[in-house]
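By written order: A, B, C and D. Residues from 1 in each chain.
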Amino acid sequence: MDQKFSSLPDVQSLVDGRNIPIDRVGVRGLTVPLTVASVKGPQPTVAEVSMYVGLPADKRGTHMSRFVSLIADDPEPLSSGMMRSLLERMLELLGAEEGYIDIRCPFFVTKTSPVSGLKSLMNYKVRFTAERRRGVTRILQEITAPVTSLCPCSREISDYGAHNQRSRITIAVELDGELSLEEQIRIAETSASCELWSRLKRNDEKYVTEYAYDHPKFVEDIVRDTAKQLNAEPRVLAYHTEAENFESIHNHSAYAQIERDKRLG
Amino acid sequence: MDQKFSSLPDVQSLVDGRNIPIDRVGVRGLTVPLTVASVKGPQPTVAEVSMYVGLPADKRGTHMSRFVSLIADDPEPLSSGMMRSLLERMLELLGAEEGYIDIRCPFFVTKTSPVSGLKSLMNYKVRFTAERRRGVTRILQEITAPVTSLCPCSREISDYGAHNQRSRITIAVELDGELSLEEQIRIAETSASCELWSRLKRNDEKYVTEYAYDHPKFVEDIVRDTAKQLNAEPRVLAYHTEAENFESIHNHSAYAQIERDKRLG
Amino acid sequence: MDQKFSSLPDVQSLVDGRNIPIDRVGVRGLTVPLTVASVKGPQPTVAEVSMYVGLPADKRGTHMSRFVSLIADDPEPLSSGMMRSLLERMLELLGAEEGYIDIRCPFFVTKTSPVSGLKSLMNYKVRFTAERRRGVTRILQEITAPVTSLCPCSREISDYGAHNQRSRITIAVELDGELSLEEQIRIAETSASCELWSRLKRNDEKYVTEYAYDHPKFVEDIVRDTAKQLNAEPRVLAYHTEAENFESIHNHSAYAQIERDKRLG
Amino acid sequence: MDQKFSSLPDVQSLVDGRNIPIDRVGVRGLTVPLTVASVKGPQPTVAEVSMYVGLPADKRGTHMSRFVSLIADDPEPLSSGMMRSLLERMLELLGAEEGYIDIRCPFFVTKTSPVSGLKSLMNYKVRFTAERRRGVTRILQEITAPVTSLCPCSREISDYGAHNQRSRITIAVELDGELSLEEQIRIAETSASCELWSRLKRNDEKYVTEYAYDHPKFVEDIVRDTAKQLNAEPRVLAYHTEAENFESIHNHSAYAQIERDKRLG
């Protein structure tokens, strides 16, 4: 058999007889270099991308390689706005009515240590999702920030000291307007017992130790203080926030989560 | 300060003034040995457990150590029925109206190879979740089975051979009655190009190679064939199923997902 | 072609012409249920197993399925002694002179909280490796224990409080005689600022908070105190120990490691 | 107490009385954006960095924040040469005689599909380590490339088809002179049954399917063919190479490894 390209059968385009639509089909775990929008301009990073579309009951398969071309060819920095247009283009290119995109990447912010004024880079996790379902489009902008939590109970009942630990706060928001990733990270960092820096001199270390001791918070306090700020922020239409404390006195975590859609009253 | 135990303040029980209820709060990532119900009786395994309750707006904190005692003291093998009673007991012990439990563990089934009849153990992933929300209780029983997928397009267009790879199929079901983990795993394994065994002799290897070639399936076919079986199974009220092919010709996966609640018509 | 089993060609047994011996070849990431030896008898767990042998330059391939049968058929609880005989049997079954086995599993110890006397299970990681190379056999018994570390610098320079965090201590030993996993875990736990428990009442929490504050340790102190105990233990012929502090004031870890073979003087 | 910075005690610089030197102490898991040297110039990426030094028996602690400043301030693209100078600067800055640096990052190469000529990015893993120990400096340059492997036994014994799967090949080299990451990746890709691309049209898919079928390789063949190329490459002084096949007919991997230092004869 000496098959020519033009005559290779297109098995994915065949009609499917099982009569079962597929909610999401596409590529998962594609690793690509791209830029993400920061207040200081596009920031180079490396992202993990998944892209899916809905497939009607009568179509046998989607066209996987089109997803790859779509993300490879996009020069625009990652942002809520870019996700909206990427979703549009994906639906058009794949001939689909519904779809879902998930992009995750590290993100960096230059921070200045609290006393000595030392500059250093802190790393965060950023994630964007875009979904079109039953005609409704939702874009979620998510950050995860590492912070310090210090236990109020431990502080109260102990003659000296208080157990504290690294925690992570995650905030995903649906926006009306723009909220920079840096602003969103600040909401997380200011809801903790103390924020983190990559480099601290001894006078900075004294400051963060005492600051955390002066701001004891349960995991419940952290998500509530995060929620309080998100409630007050008019650009946030809906949010999901969670906090996880990697307890220094246990081998498991304490965890809390709050979800709210302001449009539902 | 010479504080006595009896007088140690209970900071978690204080009244909270922020007026923000918490959807989920509790422990995450607790590792415990337990048994899981199999058709051959209780099977020892090691599970990762997370347990959360809803917290009203006026309560400052939950009682974390009660979650730990709850799972530690339960002698019953893990099953959908056990999850229902564990959820009840958690809500009672924590004085909560809503709650969520997530338990994951490896699970083993003795299989017989297709030609030589060699016995060996295959390992799967099992997960149970139990949720009470707005008065409704949902128990989900989930398995993840590794399988082989063989690409129909590659087979069709190539003069010889066809790319194939390891895939994983996940099926989560809400049940009316009982479905054993073994039965649920069979639904996954019979929806793939071929199932897996841990030990194969050469005549078995010939069999699985040819069997997969005779049953080519896209990731779309796999989830549809899984959905078809779940549609026909009267004990299944609702399901979520997904398949991921770790493509042998790419460095990313092909992925598909179908969700259905039969009660919604 | 209607090939019979008895005549299926054995491709792995062919002679190889490249003249390159292979240091290790075998199976990796096999998940199996087994038991591990504890002071209270065999403890059920789930292990991840890798088994390799050396392959001479003139042999094309090893026999993969034999490794699987070997671990599946062993009823003996995991221990340093069992690893020695498993290595012997693997080398014999595979007809090899050199080989390597790596088995990892969770391990549990019932602990009693320090003040209230509450019992709960703590989970640890256990790993055994066995290697025969150039005629020498080495068995390593390794544990990883989660602990608390409290920073001496932070305590010294701060008016109140001190940053602390979860840490993990790993100890691998080559033994002359027997050292129980429980004894080895105690060496780690007693080298930290404080050990962990899964359940603590408030008076226990007061105790662990103050205990850690009274025993501040850098990551350097932790590995040195571990090494000191291992130096003094006559059953330990050689050791590798490391400690990692998941810093509560940074988003990276502090790490230290000490290796020593007492036989080298 | 109104402590001034200049008077904060420097606890790390105290004399230690345990008389135990530490082999490695420093920071682990630092995430930083940097560039890596490619044949087309500096390529932006995100790296995970660990940096350790040896600590003499009489020094209590190292200075953790100096490690962070070191990597943050380096503008030079990651390469074997850059690692050598970074190691020098670390030893000088920390006042140490021995040290170890480990940097890992994703790396991208634009590839052209074999028939249709479609361009797309493939992602690989890159790792550099630099070690000074007992006066000897070793720099290792490592790549991990995903590839396809197709089983010769399965092909030989089956009437049609052959099981194949994604595999990963790792090559770490100690160099005399320069070997680009792209050249090192080609050694891996040309040792497999077939290399991978991110985007393939149908005629490309036909090509890679048939190419893999025409180049069946056991995991043993893959490491040997890699070793053969590394033996023949004069710029390589020593190497470690391994291959792992994520078997499509099992739920575990087949694995092989070869190490050689040419200077040892």
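In this text, a contact is a pair of C-beta atoms (placed from the backbone, for glycine too) under 8 Å apart; a residue touches a chain by one contact, two chains touch by 3 or more.
These numbers come from a predicted model, not from an experiment.
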| item | value |
| --- | --- |
| Contact-graph distance - origin subunit B, target subunit C | 1 |
| From subunit B, the most remote chain by mean C-alpha position | D |
| Classification of the subunit A:subunit B interface as same or different, half of numbers criterion | same |
| Whole-Å gap separating subunit A and subunit D, where each centre is the average of the chain's CA atoms | 28 |
| Inter-centroid spacing, subunit D versus subunit C (mean Cα positions, whole Å) | 24 |
| Centre-to-centre distance between subunit D and subunit B (centres being mean Cα positions), rounded to whole Å | 34 |
| Set of subunit D residues in contact with two or more other chains | 3, 8, 30-31, 68, 123, 153, 157, 159, 198, 200, 202-203, 206, 251-252 |
| Footprint of subunit A on subunit D - complex, ascending | 3, 5, 8, 10, 30-33, 43-46, 65, 68-69, 72, 105-106, 108, 115-116, 120-121, 123, 198-203, 206 |
| Touch list for subunit C against partner subunit D, complex | 1, 3, 8-9, 11-12, 16, 18, 20-31, 50, 52, 55, 60-62, 64, 68, 152-153, 156-157, 159, 218-221, 223-225, 227-228, 231, 244, 251-259 |
| Subunit C-touching residues of subunit A, taken from the complex the two chains share | 122-123, 146, 148, 150, 153-154, 157-166, 194, 196-198, 200, 202-203, 205-206, 208-210, 212-213, 246-252 |
